[in-house]
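Shared between the two complexes below is chain A, which has chain B as its partner in the first and chain C in the second.
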Partner chain A sequence: MNFKLKDIGPQLITVLAVVLVFGFFTYNAQVNMENRGIDFGYGFLSQESSFDVQFSLIEYDGSHSYFRAYLVGLLNTILVSVIGIILATILGVIVGIARLSPNYLINKFAAFYVEFFRNIPLLLQIFFWYFAALRALPLPQDAEPLLGVTFLTIKGYFVPAFIWQNFNIFFYSLVAAIIAIIVIRTHAKKVQETQGKQTPVLLISIGLLLILPLLSFLIGGVKLSFEVPVLKQLATTSFIYEGGVSLPPELIALALSLSLYTATFIAECVRAGIQGVGKGQKEAAASIGLTPNQVLKLVIMPQALRIIIPPTTNQYLNLTKNSSLAAAIAYPDLVLVFAGTALMQTGKAIEIVSITMFTYLSLSISISILMNWYNKKIAIQEK
Partner chain B sequence: MSKINFLKPDKSNLYTFLYLGTFLFFVSVLDVLLNSFFSLNITGFLPSFLSFLLPLIIGFIGLYFIRIELSGIKQLDLLNKHINTNNFNAVLSLLIIFIILKSIPPILSWFFVDASFAGDSKDVCTGSGACWTYIKVWIRRFMYGMYPNAEQWRINLSFISLALLGSVGYFATDRFKKYLTLYYVIIYPFIAFLFIFFFISGGPVFFDFSYGIIAAILSIILGFFIPNKFKFYYFLIVPFALYILLKYFIFYEELIELGKLDGLNWVETGAWGGLSLTFIISFFCLIFCFPIGMAFALGRRSGFPLIRYISIGFIEFWRGVPLITVLFMSAVMFPMFLPADFFIDKLVRCIIAISLFEAAYVAEVIRGGLQALPRGQYEAAKSLGMGYWRMHIFVILPQALKLVIPGIANTFLALVKDTPLIFVVGLLEIVGMLNLAKTNPEWLGFAMEGYVFAAIIFWIICYAMSKYSYNLEEKYKTDR
Partner chain C sequence: MFKYLKQLTSLVAMVAVLFTFTTETMAAKKSKTLKNTQKKGFVRCGVSQGLPGFSNADAAGNWTGVDVDVCRAVAAAVLGDANKVKFTPLSAKERFTALTSGEIDILSRNTTWTLSRDADIGLTFVGVNFYDGQGFMVRKSSGITSTSQFKNGISACTNIGTTTELNMRDFFNSRGISYEPVAFEKADEVVAAYDAGRCDTYTTDKSGLAAQRTKMKNPDEHIVLPETISKEPLGPVVRQGDSVWEDIVRWSLNTMIEAEEYGITSANADSMKTSDNPQIKRLVGAEGEMGAAFGLDNEWNLRIIKQVGNYGESYKRNIADTGILPDRGPNELWTKGGILYVPPSR
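This part shows the complex of A and B:
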């Protein structure tokens, strides 16, 4: 053991400073809470919340606990993030590929899209869609049906609801199909590595995904019917659609702006990834007789994905964090329901803000751990 | 003349195909053009479905006819290479041309032709276009927030002088170039701070500001007579010493009298707002987040385990939470952590919160640059006998920062785009002011104009910043 004062000194000072700052904060917090007569504790989570949330995925009303309100907010956050991630990925990949197109017009159009949407603050875009663009939609009674049975109105987007019978059988058939596909894929890979034979994995996978659920309809007794929204008069001038599923305008505005904004960043990731694969790789693959489809599938994409996936995951994380802007347009997400309404009612600032931050923190840390693991797995093993 | 095979355009009948294809292409463009600009449907006699698709079909056939490889006509080859390589590309090109043609007239008419510019009341806005009168009436609120109209020259004057002081770098001769870093890192932020907190907020403290100016000018003049060796320490100590000397020992009595005579009116920070607040917040956060981020980037790569873990914890914490919860924390939780009689201004709390938040992102960007440097640089610096700080200041950081210019620019762009979030603590910059003006009962229904106006402003700022960072990157690019 050789302790050196030179090594210990700076560390000791830093730790001391951190401890002092935290100690100062905790001491003040204790004094302040004592003065105001607030007690610290998480017991309020089981109390009755007595406020209503306008849009929730699980059953909820004022008689449920604060913990349930927290769950409602969390689920709404996850819902808008998942919708946003799916839309942003589709749009981002299309625009990213369009940016590499040899066609001058497509190229410039995609570049214009990227430059336009990423240089305007996200909050402004959310406000624009919610307060300006969606307010121009027709009232429920004037709405023209879209795709026959759906209605896009100022009060939200009304779509038919799925009514399932024996949904669990359908679900099991889907799971079975996915497991079968995974097994076939690993088998095909093994066959290719040992015998060099290619198996049409894609065709088999699509076939399985179609046939197994279809069988569940024919044999398993699964039935699917639709509940179409119907216009109903509430008062002389007030109409609403009943039945079906209604997507509130807040959700639409939020998902739309989040995906339009994040797609620009994903597009740049995709472009960088594909450009990052050397030209020589393509030429080498072509020279050993692979077809253009095989070149793309076996040579370009595996290498491009290695570059694309880490920054894209980062963008997904950003999208999830940005979904907290929902509070600005009153979409009942975690921040609005829990850090807004619940905080106002209970006054438990420290507890509620810390729970909210911890939720986001654990979300992003778990994704970064997953990312690090993935990066290690796909990293090029150099000899 | 050989037989014309319509299915396969080739070079032997070049001009036949060229004229026919060009004609068909222009007919299709003309159809859309007439339709969108003069709402004239020349194919109206056909069924609506066919009349809708006809330009696309005709244009497609036209483009197919002129797709002749190596025709020998320069323009045609260029056209084929860029927008007409195959059938799929031809369709996409046509669609984009049509979308542009279709969208120009409504946009033009909304922005200019049908828009109302004149007047100063809502009555003039009867057309279907934009109501720019709304922006005209509210422009002072959008620019300066609730800052009193009579005092707004203070904001203008501060920004203009800060911009002039900031552009000194462009005019500096070689003799002064070496002081520029010192100027931008220490003196300029200090002057900006004096301007904003003593000139824009005003009050009798205004005269602190004049002491500052006098101290700065005096110390710069004196600075020419100081040997180079001590210049760094000189500029570190003397301006502050002069300032304190002036304030408390020399002019004290007289200026108290002057301050009573005519100080500027005090404007509390709650009244600040609009675009000027966006600038103020972005500017200060930019100044603060950079050194903090740099410190944590170095801390994360430090050899001391405790410092490293604290840095990692700090960075990952701020990167893991959304800014809106950080602002929530600064608004409702932070006052609980301070002594009861200790009050920090809302704006200052906001600036601290955003700076710490962005500092974590800056730290990760700089760490990327530090990691990208080859080990040889560290070893070479050490072999010259440099210590930790000398090595980093003179060898490592200049190279690492050069590498991460794009990343830092992106972080700063994100910072500017994040400023509207301060509505959480009740400060209203331009987007917040728009939302306030939108709810004014006299001016209902002009949300669109306001958001478009703000979007244009933000777009110009952000686009200029990204172009500037691109220029910087090109300028400092060194071959490795």
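This part shows the complex of A and C:
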């Protein structure tokens, strides 16, 4: 490393300018806040929040601190983002491949889906799904059981709760199965590379995933029972399900609209990726006797993924940030709970907005880092 | 080392936007807000996004309501024309920031006067133009006629960021009832969700319940329960640090209330100038120097009464005649069994 002044000079000036601008705004904010009698500080985070939140992954009520309320909001944002990303990816890949289908109907249907959903503003779609669902779903007392023991109602989707005994043994059996699968896969790959012999890895994997947890039930003392939701009357025409787990309609509507919207963009990424692989690649692969499945798995996809991953990362980031529209339909995400209620109860606008911004920034950067790592892993290995 | 410089720059720029405030120093002597208002030629007033009776815009964009009338009164006093008001509709979330950052000069948006709001966040409450309290609305068909019939598992729709959320928690907690709070950012969505059946009850200030009930698909299917679970004195708010402006807004409101007390209306205000009662004469600018301390002329209060009317007229026009709350309840003058009592203009 040898830095020369002409190399680092402009950089230093930029840093200096940035620091000065930043300093000016901070100073300006300080003076103005002082003039208006507004205190600045993060001490409020440890104060009692005294408001409740509808839906929380961790134990929380109004007697906890504002910091705890922040965590509740953050976890809810992460929850809806993760659900949204998984659903959008599955749907996006299916639709993307469907758009390349030679079947006219499938092809056009996929194209229609993409054009329809990506051209309507997301906020409208969220409102549509939420209020359409609310109007369409039955009241708890009118709900027909779905799959026997679950109830989809206007007040939420009520599903049985799992009650485990010796859950840790079941969990270890799953971990053991996964480790075994990894070992077998590595071994199978080696065998194929050295001897050209193929092992039915998929079948063995599925078998292991079934048999080991099953054993934990039979001889490990694991027991699973269900707590089924039961209808309870609150007033003459007012009912609710008790027991079991309730998924609020706000979460369902938000996850649904986010994934339906983002899936259109992912579908286009997938289509572009597959079309970006030269036709000759497919023909060459077929000519050396690979089956169509193998062509897709061993030749097309590895090359297509390199094109698909970077723009798909953008879509994941968009989805995460778009989840902040949750506030419109009462899903208690970070923006609603922290930058909404907490901000208004404390009046700490600058502190709370800055914390919220840095939180979204960190979430986005984490997703970027993860996806960049994956991208690097599947990139062409220059030897 | 400088690899992340670009990202860093954009990050810092982003944060800088957050800290953008207009530079402003407080003029100690004369009111800067008053000076700016007179220079601009209109009063900048923050109102709700639509609450019938308090601040609501019709199809033509004309704002009406008792909260709106407070701003109109100030405009009549300082600019001579009650119509010279620029209304900014604000959500509960935006309202205080809009005021402290100087986007508006009066916040007249059914805002509850509490200690922490008055003391903490750079705001000053100037008075009360509506005494309210939080209540619950339920569907008639539910058979619920009192909050004592609420049971575990009840779901309650409400707005975020209002005192409502805190009162609701206190109420349910003190009775040991578990409840599901469903909190929306905008009142319209709360109403839509409750109306669709998402919640068993809708809770907010009783005046708000009465007003929003008129927006329901079938208003007759809903009732407001008799219990009031909190004190909600609603009133106009100004920024801290401009005591002259604060006084102008306070006494514009007081003038409206006192005018009703002395029977001065928009119709008879001019003829009251020759009244025998010196207190009435002071209220219509015919005696004393009642405007000088604010830097206003002597007929500022006369203009308020002539152009906007007294409090009773405003209440009748906006709240009683629209069928929202025909009964004035506590918002009746102290001389008639209510609690409206303002210091004398003298």
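One rule holds for everything that comes next: the second predicted complex is superposed on the first by the 354 of 383 C-alpha atoms of A that agree within 3 Å, B and C clash if a C-alpha of one lies under 4 Å from a C-alpha of the other, contacts with A are read in each partner's own complex, and residues count from 1 in each chain.
We take it that contacts are C-beta pairs under 8 Å (C-beta built on N, C-alpha and C of every residue); 3 or more make two chains touch, one makes a residue touch a chain.
On a predicted model such as this, the values are computed, not experimentally measured, just so you know.
Peer 1: Once chain A of both complexes is superposed, is A:15 in touch with chain B (first), chain C (second), both, or neither?
Peer 2: The answer is both, since A:15 touches chain B and chain C.
Peer 1: Just to be sure I read the superposition right, which of the two partners does A:341 touch: chain B = first, chain C = second, or both, or neither?
Peer 2: In the superposition, A:341 touches chain C alone.
Peer 1: After the superposition on A, what does A:115 contact: first (chain B), second (chain C), both or neither?
Peer 2: First partner only.
Peer 1: Regarding the shared-chain residue A:364, is it in contact with chain B (first), chain C (second), both, or neither?
Peer 2: First partner only.
Peer 1: Between chain B (first) and chain C (second), which does A:105 come into contact with in this model arrangement: first, second, both, or neither?
Peer 2: first
Peer 1: Touching A:303 in the superposition: chain B (first), chain C (second), both, neither?
Peer 2: neither
Peer 1: Between chain B and chain C, whom does A:281 touch in the aligned arrangement: first, second, both, or neither?
Peer 2: neither
Peer 1: Looking at the overlay, does A:123 come into contact with chain B only (first), chain C only (second), both, or neither?
Peer 2: first
Peer 1: Taking the superposition as given, does A:65 touch the first partner, chain B, the second, chain C, both, or neither?
Peer 2: After superposing on A, A:65 lies clear of both chain B and chain C.
Peer 1: For chain A, give the residues common to its interface with chain B and its interface with chain C.
Peer 2: 11, 14-15, 18, 25, 28-29, 31-33, 35, 131, 135, 327-328, 343, 349-350, 353, 357, 361
Peer 1: Provide the residue numbers of chain A that touch chain C in the complex, in ascending order.
Peer 2: Per the touch definition, chain A meets chain C at residues 8, 11, 14-15, 18, 21-22, 25-26, 28-29, 31-33, 35-39, 50-54, 62, 131, 134-135, 139, 154-155, 232, 234-238, 240, 242, 248-250, 327-330, 332, 336, 340-341, 343-347, 349-350, 353-354, 357, 361.
Peer 1: So in the complex, the part of chain A that touches chain B is made up of which residues?
Peer 2: 7, 10-11, 14-15, 18, 24-25, 28-29, 31-33, 35, 101-106, 109, 115-116, 118-125, 127-128, 131-133, 135, 321-322, 324-325, 327-328, 335, 339, 343, 349-350, 353, 356-357, 360-361, 363-365, 368
Peer 1: How about chain B: which of its residues touch chain A in the complex?
Peer 2: 81-83, 85, 89, 92-93, 96-97, 304-307, 310, 316-317, 319-325, 328-329, 332-333, 335-340, 413, 416-421, 423-424, 431, 434-435, 438, 447-448, 451-452, 454-455, 458-459, 462-463, 466
Peer 1: Show me the residue ranges of chain C that touch chain A in the complex, using the header's touch definition.
Peer 2: Interface residues on chain C, with respect to chain A: 2, 5, 8-9, 11-16, 18-26, 92-93, 96-97, 100, 116-117, 120-122, 138-139, 141-144, 149-151, 153-155, 157, 160-162, 165-166, 168-169, 173, 179-186, 189, 192-193, 196-198, 200, 239-241.
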